[in-house]
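First chain written, first letter: the chains are A, B, C, D and E, and each begins at residue 1.
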Amino acid sequence: MSSNALTESGSAGRTGDKIFSTAAMAAGSLILFVLFCVAVFLVKESIPALTADPADLKGGVSFFTHIGALIVGTLIAAAIALLLATPVAVGVALFISHYAPRRLAQSLGYVVDLLAAIPSVIYGAWGITVLAPALVPSYVWLSENAGWIPIFAGPASATGKTMLTAGIVLAVMIMPIITSLSREIFLQTPKLHEEAALALGATRWEMVRMAVLPFARPGIVSAVMLGLGRALGETMAIALVLSSGPMIASLIQSGNQTIAAEIALAFPESSGLQTNALFAAGLVLFVITLAVNMVARWIVARHKEFSGAN
Amino acid sequence: MSKRIDVTDLNVYYGNFLAVEGVNISIEPKSVTAFIGPSGCGKSTFLRTLNRMHEVIPGARVEGKVMLDGDNLYGSGVDPVTVRSHIGMVFQRPNPFPTMSIRDNVLAGIKLNNKRISKADADDLVESSLQGANLWNEVKDRLDKPGSGLSGGQQQRLCIARTIAVKPEVILMDEPCSALDPISTLAIEDLINELKNDYTVVIVTHNMQQAARVSDKTAFFNIAGTGKPGKLIEYEDTAIIFSNPSVKATEDYVSGRFG
Amino acid sequence: MTVTTEVRSRRSALTRNKLPNWAPWAVAAGALVVSAALLALAGFNVWGWAVLAAILFVAANWAVSFAVEGARKAADRFATSLMFGAFIVALVPLVSVIWTVLANGIAGFSLDFLTSDMQGVRGRVDNATAAGESPLMGGIAHALVGTFLITLWASIISIPIGLLTAIYLVEYGQGGRLSRAITFFVDVMTGIPSIVAGLFAAGLFAVIAGPGFKAGIVGAVALSVLMIPVVVRSSEEMLKIVPNELREAAYALGVRKWRTIVKVVIPTAISGIASGVTIAIARVIGETAPLIVTAGFVTRMNANVFSDWMASLPAFIYYQILNPTSPTNPEPSTLRAWAAALVLIVLVMLLNLGARLIARVFAPKTGR
Amino acid sequence: GTTSSAAGGTSEAAVSGTLTGTGASSVGAAMVAWAEEFAAANSGAQVNYTEEGSGAGRTGLIDGKVNFAASDAYLTDEELEASKATCGPDGAFDVPIYVSPIAVAFNLEGVESLNLDADTIASIFSGKITAWNDEAIAALNPGVTLPDTKITVVHRNDKSGTTENFTDYLSQAAPKVWTEEKSGDWPTAFAAESAKGTSGVVETVAKTAGAITYADASRTTGLGIASVKVGEEFSAPTAEGAAKAADTAHAVEGRADHDIAFDLDRTSTEAGVYPVSLVTFGLFCSSYADQETADLVKAFGTYITSAAGQEVAAADAGSSPLSAELTAQAAEAIATISVK
Amino acid sequence: MSKRIDVTDLNVYYGNFLAVEGVNISIEPKSVTAFIGPSGCGKSTFLRTLNRMHEVIPGARVEGKVMLDGDNLYGSGVDPVTVRSHIGMVFQRPNPFPTMSIRDNVLAGIKLNNKRISKADADDLVESSLQGANLWNEVKDRLDKPGSGLSGGQQQRLCIARTIAVKPEVILMDEPCSALDPISTLAIEDLINELKNDYTVVIVTHNMQQAARVSDKTAFFNIAGTGKPGKLIEYEDTAIIFSNPSVKATEDYVSGRFG
C-alpha cells in the first residue's frame, strides 16, 4: 500500500500545512532558545559573583546573604501588587463584560486600557509627586491606630515613599494587563452556558459564578501570571517611588528593596564584580519567577479535566 | 404549584426585526401545551419570552403582556430572576456546564436556593432527577466526570434532569427530544405526563406524533414568508388540531407526509 | 380565541419581595448623610467622606436587600456594588495620572514641540526660557520617530513569533513536552526585568555586530524579549476558547489545518488577540532602561533603525526629568517631559483605537 | 545653536566623524553643550553620549564599546591594566573635565543658609542629630532661630558618584562620627529616606519640611544651603571653592605622566577651598585604531578641557571651570593620544 | 464520484475508554445507509471515524481498517485532509461559522481552501446548495447577514448546504433532521434521495420512519450497559431490519412504540 488515491493527491497540498506547523514550532522553539540564551548570559555573567570572596562584594557579605533581603522585598512588592490588582482587575473586567450598559462597555474597556499606555517613568513621577504625599496622612493614621500590626508599625514615613506606595503603583500598572485579558475571555463565555444558568433562575452574580468564572478561570490565571511577571520585573516605577533601604516588616516606613529595582539603581555606577553580582541578582529573579510560575501552573493543571471551552 | 399563563398581544423583536407578532394565548395549569410549526416561525423565540430569556439577547425586546397567575412577567419592578426560578427551561441545543461534573450539573439550580443541602438529600435528588430524565443508568458510575464527555442525547437528558431538579412551576422545553433516541424519548414523554400532574408544561416539537401523544392543547405557529413575523395561527385542544382544525394552514401542516 | 385576565390591583406575586427601584438611591443618600455626620465629628475630608460613604452604601444596600429580598438577591446587589466599585477604584488612579500629565504637560504642548528635535537646546537656552526671555524651545520629533520605529520593529519581530507560538501551543503542541516547556518558560520570560532584557540584547549584538553597537534594531530586539511573552500568553488564551466545533466544521469541509487556523480560528479570536497585542505594545512602548543601553540616546533625528543611535520618548522623558538640560533651571525640561508623556499616551490611545477597528472588521458577527 | 570660535580649540583643521561616549550623568548637561559647540565648529563631526553611569562608562571604554568615557571616579589600577587590551600598551588615562561643588541642601522654613562643620554634618546624616534646634547646630549658628522640626535625611537610593564623594568627605573629615567607609552606595547602617537621582533627592527635600540632602550645587536652587567649616572659616559651595579644591588635590601615585588622576583633599584647611566637591574625569585611550578617531578624540578632549569649553559648561550646566593650570595639564595629556 | 467503504475490525477509543468495538461493515456506493441505535451507543463516534474526524479529539484513537474504494483511510501517508475532502460531514449540533455571512458560510469549503471561483459561479453554487437544503427562500434576502442569527433548524440546514456545496463523494450526516420541522425534513430527505444518485450517503437518525423511508441498508448499534463499548449488532437491508431482523435486540428496538 505504498500509494493510493488518498496518498497521491495529498502530498501536494500538504506542504502548506508542513510549512505552517514548522513555522509555528520554530517560533516556539526560538522562544525557548532565546530564553536559554538569556539564562546562559545571566549564568555566565553571575558566576564570578557567586564564587567571589564576600569581602569583595557589597557590604562585605556573601552574595547569598545580600540577596535574601532583596528576594523578600521583591515578593512583598509583587504580593501587594497582586493582592490589590487582581480583585479590582477582575471586577473591572466583569463590570465591562457583564455589568456595564452594553453601549458604554466598549468605551469603558478602552478607558481602562489607557492605564497600560502610561510609561513607567510617568508612573514613578506620579507616584512621588501625587500618590506618596496623598498617602502620608493615611499612613500616619494607620501607624497610630493599627501600629500593633507589624506591617503598619510606625513611625510612618514623612515622604510616603514606602513599600505600600510602591506596591500600589505596581498594582495600578498591572491592573490593565489583567483586566484586558480577563475581559476578552469573559466576553467569549458561551452564551449557551450563560443562558443555562439564567434559565435555572440564577441572578446575574450567580450566573457569573456558574458560567463565566469557571469558563474563564484558566484565562484569569494566565492574566494574573502576566501581571505577576510585570510586577516582579518592574524597575523604574519602584526605583523612583520606593525610598529603599534595609529589610523591614513595616510597609509604611521607608525601607526594603526589590531585585529589579536594585539592578537598575546600582548598575550604572557599578563595574567589575559588582556588575556580576547584579547579574546574579537577575538570575535569582529568574529562578523566583520560575518557582512562582511552577506553583501557579500546578494549581491550574489540577482542574484540567473540567477546563472551559471545548 | 402549577400556574396558568395568559399572553396578550405579544410582539417579539430582535432589534428592529419583528420575529413574532400579536400572540394571544392562555395556557392552563397542570396541562401540557405543544407548539408546532415550520422552522423559523418563531416557536423558540416565543417560548423564550415566557420566562424572560428572550431579553438576554442583545437588542431583543418584547411588547405586550405575559401574565403568570395574573401577574405580568413584564410588569415594572418584576425581577427576571424571580420569573425564571418559577419557570424553568430546557434549550434546543444541550448546554451542560462544561466545568461541572454530571452531579454538579444536576444540582446547579438547587444549590442556588439551598446551599446547605445535605449530602443524602442531594444524592437522592440527583438520582431522582436523572431517573426522571432516563439518564441515571448511563451515568451513575461517572457522576463525578465532566458533563461535556457525554453523547449528544445524554447531554440533552442531563439538561432536562437539571431543570426538573429545581421543580419550577412551569417547565418550558424547546425540542427536548430532538436529539434523543426512541427509548429516551419515551422516557421523557412519560416524564412529561408525570410532570403535568403538578406543573404546567410547554413543549416545542417538530414531531407531530409526539405533540399528539403528550399534549392537551396544541398551538400552531406559521410564517407568511421570509422576513415576515411568525404568528399564532390556531390554538386548540390537541385532538381538534390533529383531526379537525379550523384553519386551512394548520390542516396542511399537520397532514403533511409526517403526521 | 384567548382569554385575557383582568388586571388586578393587588401587589404582584412576582414583585412581592422586591425593593422598589428607588431603594438604592435612598440608601445612597442615607450613606452620604450618615458618613458626613460621622466625619464631622472626626474632622471632615472629602476622600474620607467618599470612602466611608461607599463602604456604608455597600453594606447598607446589602443589609436592606437581605432583609427584604433574601440572601441571594442581597449577594447579587453586593456583587453589583463591588463591580461598580472596582471600576471606580480603577478610575481614580487613571484620572489622577491623566490629570497630572495634562496639568503638567499641556502648557508645553505645541505644534513646534511635535515637529522639532532637541538640537541646539542646551542649558543657556533653557535658562533664557526660565527667565522669560524666550518661549519653550526644543521638541520631540526625533524621540517620536525613534519610539515609533523601535516599537514598530519590536512588533514586527514579536507579533508573528508570539502568535505563531500561541498557535503552536493551542493547535499543534497538544500537551507534548515541547509545548509544556514553552508554556512554562514563556511565563518565566514575563518576569525578566527590562534592564536585563536590554543588557542581553546589547550583549547579543556585541557578538554579532561588534562591541558597542547601538541602534534602533537592538532596542527593538530588547523590547521583543519583553513583548513576546505577553503576546503569546494573551493570544494563547484567546485561541483556547475558540470552540472546537468550529475547527471541526472546517476540517469536515476538507480545509487544511493551517487554513482553518488562519481563516476560522484567528478571526474568531481576533478581538482578544488585538487587545493582547495592544497591551503588549503598551507594555514596552514606555520602557526606558533597555533602550538607553541598546539604542543610545541622541538629540537629533535618526530614522534608520539599523545604524546610529536613536532617541525614544520614554528615554527623553526620563532624561528630561532626571537630568534636566539646564541643571540650574529644570522647569523647561520638566515641562517637556510631561508634554512628551502626554504625546506618548495619545500615541498608545490611537494604537488602541486602531487595534479595535481591526478587531471589529474580523470579529464574529451578531444580529440578523 | 550658538557657535564659539574656540570650539575645536587646536590649530588643526576641522575634524569629522562620529564620536561615541558614555558614563557619568553629572556631565550630562555639560556634554549636551559641548557636543553642540563641537559639532558647530567641526561640520561633519558629531558626539553621541549616553548617561549610563560612571561604572558603565569605565567598563564601556575598557571593552572598546565607546571612544571615550566620563566617570566620577578615576580608573582603578586593575581597570588600567584591563584597558591595555583595547587602548594600547599605555592603557587608558584620566583627565578632569568637570568640577562641581556638592551642596548640603535643606528645607527649613525661613532659613536660607546655615553654617555646619564636618562632625555636625556627619551627625545629621548618620541620624545622631534628629532635630533642627539641636545644640550642635545652634552653637554654629548664633543668631539664627532654629525650629524644633524633625530632621528628615534624604539620601540617594541609586549608586552614585555624588554619594561616593560625599561619604568620602564625611569619612575623612569626621572620622569619629562617620564610621563607615566611602562608598557609592549609602551605608545601610545610616539608612533614612532615599530617592533616585539628584532630581529625586532635590524634589523630595523640596516637598518635605525639615529634610536635608546632598546634591550637585547646580541643582539645589531654591533650597537652603549650608556653608561648610574649612579651617576656621565657613565655605559656601561656590565655583571658585570647587576649582580650588581640584587645584589642591593629591595626585594618585604610580600613574603615568599624562594620567591626571587625583584625590581631593577633604581635610584641607586652606581658606576658600570647598572640600565637598565632585570631579568627573574624562577617560581616553592612549592610542586609537585609526587616525580619524584619534584626531576626533584629541580635538574633542582638548576642546572640553579648554578654557572655552569650561566656560560653556559653566554657563550651560553651572559647573566650576577648571583652573588655567589644570587646563594646561589636560591639554598636554590629551596631546599624547596616538594611533596604534 | 461515489465510493464504497469497507470497515474491518474497527475499535474506537476515547483515551482508554473503548467506545465502539469490532465493527465490520461494507457500505455500498450510491446508496443510503442509516445508523440507528440507542443514545450513547457510539453512532456519532463511529460515524466520525469514517472521515477521520474522530482523531481531532485529544486522546481519541482508532484501531482497525477503513477502506475507501480499497484505500485505507488510516494507512500510513494518508492525509486526513484529503480524506475529508472526499468525505463530507454534517454534525449533530449545527455549527455555522460565526465570523462569516450566510453566503460565506455556504462557500466556506471553497473559500477557505482558496479555490478561485467566479462571482457568478459562486452565486449559482450558493443558490443551488441553499435550495438543496431547503433554506434558500428563507435567507435569500439576507445572504450577507451573519449565520448565527438563524433559528436552530435554519442553522442546521445552513450546515447541510455548506457540506453539499463542496460536492464530496461520501456524505456523512449525524442526525441532520433532528432540529428540523417536517417540511424541512421532507426537503432534506428528498435531497438525500437525490444525492444518492451520485454519492454515498450515511446518516445517523433516531427517527426510525426516516431510516425506513430514506435508507437502503440499516445498521443497528447497541450497547450492553454503561461503560461497555457500543457494537454493531445487525446490518441488513432496511426492509429486512424493519420487518424481519435476525437479532432479538434489533427487533425489540425497531418495534418500540416509535416505529
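One rule holds in what follows: a residue touches a chain if its C-beta (ideal position, glycine included) is under 8 Å from a C-beta of that chain, and two chains touch if they have at least 3 such contacts.
Quantities reported herein were computed from a predicted structural model and do not represent experimental measurements.
Undergrad: Relative to subunit B, which chain has the most distant C-alpha mean position?
TA: Taking each chain's C-alpha mean as its centre, the farthest from subunit B is D.
Undergrad: Which chains touch each other through the most C-beta pairs?
TA: Chain pair with the maximum contact count: A-C.
Undergrad: How far is the middle of subunit A from the middle of subunit C, if each middle is the mean of its Cα atoms, in Å?
TA: Centre separation, subunit A to subunit C: 14 Å.
Undergrad: Where the CA atoms of subunit B average out and where those of subunit D average out, how many Å apart are those spots?
TA: One centre to the other, that is 84 Å.
Undergrad: Determine the centre-to-centre distance between subunit A and subunit D, using the mean Cα coordinates as centres, and give it in whole Å.
TA: 39
Undergrad: Would you pick out the residues of subunit E that each touch at least 2 other chains?
TA: 81-82, 86, 93, 142, 149
Undergrad: Pull out every residue in subunit A that's touching 2 or more other chains.
TA: 13-14, 17, 129, 190, 203-204, 206, 215, 264, 267, 308-310
Undergrad: Can you list the subunit D residues in contact with two or more other chains?
TA: Touching at least two other chains: 25, 51-52, 56, 196, 200.
Undergrad: If you look only at subunit C, which of its residues touch subunit E in the complex?
TA: Subunit C reaches subunit E through residues 174-175, 243-257, 259-260, 263-264, 267-268, 362-368.
Undergrad: Spell out the part of subunit A that touches subunit B in their complex, as residue ranges.
TA: Residues in contact with subunit B: 102, 190-204, 206, 210-211, 214-215, 217, 305-310.
Undergrad: Mind listing the subunit B positions that touch subunit E in their complex?
TA: Subunit B reaches subunit E through residues 14, 36-40, 44-45, 92-94, 137-142, 149-154, 157, 175, 178-186, 206, 208-209, 225-227, 253, 256-258.
Undergrad: Over in the complex, which subunit B residues touch subunit A? Could you list them?
TA: It comes out as residues 51, 53, 56, 58, 80-82, 84-86, 88-89, 91, 93, 95-101, 108-109, 112-113, 145-146, 148, 159, 162-163, 166, 168.
Undergrad: Please name which positions on subunit C make contact with subunit D in the complex.
TA: Counting only subunit C, the residues touching subunit D are 119-125, 127, 206, 211-212, 214, 292-293, 296-299, 308-309, 319, 321-330.
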